[in-house]
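Letters A, B, C and D mark the chains in the order given here, with residues in each chain numbered from 1 onward.
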Amino acid sequence: MKTTLQFSLFASCFQVFGLTLRRQFFSRQTIVITVLLGLSLAITIVWLASDSYVRAPMRGTTTYYRALSPETNAYYVVGDRVEAESVVCVVQGRRGGKRELKARVSGVISEIIIENDFKVSRRETLVRIQPDRTGLQLAGKILQPLFMGFLLPIISLGYASAAISGERTSQTLVYLLSTSIPRSLIYFSIYLAVLLLTLAVTLSCLAALCLIIGTAGFDVCYKYTPVVFLATTCYVSLFLLFSALVRRATFLALAYALMVETLTANMPGVVKSITVSFYANSWLYDKSLSLGLESSIPAYDPVGAVSSQIILVLAFLSFLLLGMWIFSRKEYD
Amino acid sequence: MSHLFEIDSLVHRYGSIFALNEVSLSVDQGSIGLVGQNGAGKSTLIKILLGLLKHTNGTVKVFGSDISQHSVGLRGRIGYMPEREGIIPGLNGIEYVGLSGELNGMSRKIALRRAHELLSQLGLDEARYRRLENYSAGMIQRIKLAATLVHDPDLILLDEPTSGLDPDGRAAMLALLKSLAQRPGKSLLFSTHLLGDIEHVCNHAIIMEKGKIAASGALDLMLESQLNTFLIRWKNKNSSSNDVYLAALKQSGAEVSLSEEFGQARVVVTDAWSKQQFFKLAKEAHVTLIGLEPEEIDLRTVYQRVVGYKKNLPPVISLKKPEVSEVNS
Amino acid sequence: MTLEPSVSVSASPIVEVKNVSKWFGPLMALNGISLDINPGITGLVGPNGAGKTTLLRLLTGQSKPSIGGIRICENNAWSAKAKSHVGFCPYGDAAWDEMPGRKAVRVSAGLHGFKGDEARHRTETVLDIVGMADRAHRPIRTYSKGMRQRIKLGQALIHDPDLLVLDEPLNGIDPVGRDELNELFIRLAQDGKAVLISSHILNEMDQLADHIIFVCRGKLLASGSLETIRDLLDDYPLKVRVSCETPRRVASLLMELDSVKSVRIETSDDLFLEVQNPNRFYGEFAEFVLSKNVDIRGLKATDTSAEPIFDYLMERSSKPG
Amino acid sequence: MATSLAWFSIWPIARTAMLLVFRRKLFWLLFAVAMLSFIFTFGAIYLLATLKQELPQMARFITSMLKDLDGSGTTYLNFMKLQGTVMMILLAFAGSVLAGNDHSRGGFMFYMSRRISLVYYALGKLLAIGLLVLLITTIPALVLFFEYGLLGDMAEYFRENFQIVFGIIGYGLLLSLSIGLLLLALVSWMPRPVPLVILWGGLFVFLPILSSVLAETLRDSEVNLEESSWRLLDLWNNLYIVGSKFFGVELPLFYGAIIVIFTVCLFSITAIFFRLRYLQHQS
């Protein structure tokens, strides 16, 4: 009789998983995403390494002497801490006019270039300050606008929205559909592959951004990781659903990720509750109360942490199941 | 009138591969067939004639003027039907052909009117408002031909116009090309690897092989048949009578070579043979003869001889290799 | 080394299509098609837009029939189980371009559930069958159309299917490649597989296929071997061209043969006959030539290929009633 | 020999390109979202005008509150800037349709084998993108301007602020030219939609953040944020600075912005030219 096929469903699903992972990883999206990740790391490094300077504003010969630091009542010395907008030094012009020069950022004085009673010319650097980089600043300045607002949705849509609609446009989906694996399992294997790839990229990017500022970043990274994990899971299952439904899934996903999120995020009423980022931000807001980060999380009357987690999980499951159901019904030409 | 096009020691290289290698050719008006395997350099030659490709060296003149200087102006007088699809999905038939006219300098009104005429001539009446992505392969070829003809070009370049067509589409396309070839003062270059099509349409053939011109000449010159060689075909009840018939033929002095297909053979006989002999021997061997025809050489055999593909090749007939072939001299 | 022959001795045909119709919105793509497909080469022939591709998509479970049912080895074509019996070669040359050919076939083996050395063994076997064993290391995007077609065929054969569905496998392939692929198809059919080849290049088809299905405008015109179809169309006139020196005399003599319906003198030395039953005609013609001692220079039946039959069926199907 | 000029072909190419974009359902969905803020502003102006009639004293209070709806140049400038961010996604989609799908089924060869050269092909596509940009930014702004005038005290408002019209048109043309060239260059190099979308999105979200971070930290203590030359990295902001000049509003870094925009356009033109020449030889 017919040779019995050593047909194992698990092996074939694993092959779909491997094939999707390989096709999505070796693709143009990866190149563009690595470029964006490189750029965001560069920004963070620049932000980290940049010192703040205090320079003399006026022309001509001016005498210069350092102001007294409020605590020790003595002149500032290298290593003193300085608060933002506090007076660091006073410059006296020829005609006796005094100008108080403030520090832009809080931090530690790393170098005093001009000593007391020296003549200074215009725009000469007087004091160099090493700004302190707290987790708070990192979250507010880099993580929130750049990572949560842009990189996370873009990386998820880059991989998830192309997973099925990309195969359709390159007409290679038929190779998957003509195998003897139930379609819903094909969809599930594709989802796992895309989720693994997206999580790997987003979490490693988060870790890199946080750890770059040293130990202060650990706490922020620890706080952000579960939120990013669940938000990515939700984004990927939503965008994969788009990919199974529509041929031009990428544009729909981008329209959702950027337009809807930006437009509805600061809209009153129930409208904003349709965006994944709203729940992610509410959860973050809740977590950040203890961290003192709340000022930097843009969430407008946020929902509680627990309820936002539940909603995110429910959303992810319903998108996934809906996707599996549609993929097993739809006829792809 | 100057030649249709003159090519002098044309070379074109993609990196180290020689797409065209020292091609020299001058051809007058008329319908020209360009035959060769996939990758023999046909498409490259056509793109150079269109001025889309800067050839490595050599000079190419079309309608008497150098292509590298006047490529845009010359393209106004040439119609090109590309091999790859060359359609714009999203447009419907009329808009596609109308746009082709406008891009060749016609005003919108005239282009659209001409487009309507052409579509009805090519039997695409009911499809004129349908989107191009819903066209079948045959309709795509016809709409591309319409877009090629809309500005009434003096020279039409056709790259594999019959590929992907069903028999009706192919027959209709060949009939169309035949009528186009007869238009006074207009010429046509028909490039294909389907050898049969050339015989229907063209009066001049160029055979290309690995970037070189293997043979070029008037079609009827190439196709004169050889005397007293016949192709016979028969049906029989059992295979034993098959061998009996063949043995009988050989005994009576015919030189027989079996062809691959079952029940077919190529027989070269002496002049003394009368045709009845075939029937007499067949009757004795209880075989019914269903086909007896003098062997006309078709282009396929010429092609295979020149390009040397088929394993058991009859002796190569000497074709005059054109250093500078004055074809219609 | 060929794949071990898996001759499935099943009395019922591999594919049973029962009264299948398919609509796309208002457009009726298939209209009440019923047919069976048995081991051996079956040609699916019809003009572009006749519904061939729709039928193939139904057979390979890519889409569901609007009414009627298709069973492949006793299970519904749409189900995953049926697909384990079907190997599909889609139209066009879309493939996993970045992958080398061997890897693509190896992945297809994995997709059909084979693991480790079982998969490797099958991959090598199939690459041998399609003659790509030594050329399968470069990425597919560098392959010619013929090589792409062979890799696709290998991917379809990997799970040793009973039914092999090929959608216009010879489209755009030069004559040499065409002949080699034909020999391959015949070998596969001899292995006991059912090979369904859709094409519109008719003359290749009728030398290749021992069973032909004619489809036009969504309807099944005729199905059977070329000869059975010919006998089916008994009133279909066979056209024969006879060339001889004295056409007028020969014409009048030929009229006496009762199997000859009409004679037309075409050119100075060509006669064009319309003949009733072909077998009877050839016997009578041989007798005629010998008895009347006529010098015949040529005898050629002008419609041995399926093309004219196809035109005839097309125009017969468009006649009302 | 006939001249090799083909100016006649630019309009048909542009018309066909826009036709192809308008035929896509997704375009109208994105267009509707893009028009959302226009509708809100339109309604706000209408409400404000009716309020001025019924409760004049309330109106003074509200206009002081709603500074950016006072009918001056900045109203329209800010409106067009806000439209820009929403237009960005629409343009990514339109760009991939009107230039990208020419490469999918041999459309590019269709154009090139006609009596035109790739310069006219590029100009036609550029005109199409430019008109789309005008459709989303300039025309709505003009509608708002005339609405503001008609509903308010017509004669005096128009006479006084008529140069705003030139401002709107100037800023619109600047936007369509520079964004058009940039988009065309990007699409011809990256016709596949997914990477295009990510890159284009990155350009409009990434660069602003990059430039604001750099500006904020690397600037001298006296120079406030908007004057630091690092802000020039944000292309969108440069267009805003140069555009506001049309409205007679002086913003810092004006000359820097002009230079940056000029180099971006130059770079795009060369990128388009080399890519199209490569495609012409390649296909």
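Throughout what follows, a residue touches a chain if its C-beta (ideal position, glycine included) is under 8 Å from a C-beta of that chain, and two chains touch if they have at least 3 such contacts.
Only a predicted model underlies this, so the values are computations on that prediction, with no experimental measurement involved.
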Chains touching both chain A and chain D, listed by label: none
Distance-maximising chain from chain A - centres being C-alpha averages: B
Distance from the mean Cα position of chain D to that of chain B, given in whole angstrom: 52
Geometric centre distance via CA averages, chain D-chain C, whole Å: 57
Cα-centroid distance, chain B relative to chain C, in whole angstrom: 25
Touching two or more other chains - residues of chain D: 24
Multi-chain contact sites of chain C, meaning residues that touch two or more partners: none
Touch-based graph of the chains, sorted into line, ring, star, complete or other: ring
Every chain pair in contact, whichever chains are involved: A-C, A-D, B-C, B-D
List of chain B residues in touch with chain C within their complex: 37-39, 136-139, 160, 163-169, 193, 195, 235, 261, 274-276, 279-280, 282-283, 288-294, 300, 309
Chain B contact footprint on chain C (complex, rising order): 46-49, 144-145, 171-172, 174-176, 200, 202, 207, 243, 278-279, 282-283, 286, 289-290, 293-301, 307, 310-311, 314
Chain A-facing residues of chain D, complex: 24, 26, 29-30, 33, 36, 85-86, 88-89, 92-93, 96, 190, 192-195, 197-199, 201-202, 205-206, 209-210, 213-214, 217-218, 220-222
Touching residues on chain A, where the partner in the complex is chain D: 27-29, 31-33, 35-36, 39-40, 43, 46-47, 50, 52-55, 57, 101-105, 123, 131, 141-142, 145-146, 149-150, 154, 157-158, 161-162, 166, 248, 250-252, 254-255, 258-260, 262-263
Interface residues, chain D side, partner chain B - complex: 1-4, 6, 8-9, 12-13, 16, 19-20, 23-24, 97, 101-102, 104-107, 109-117, 280-281, 283
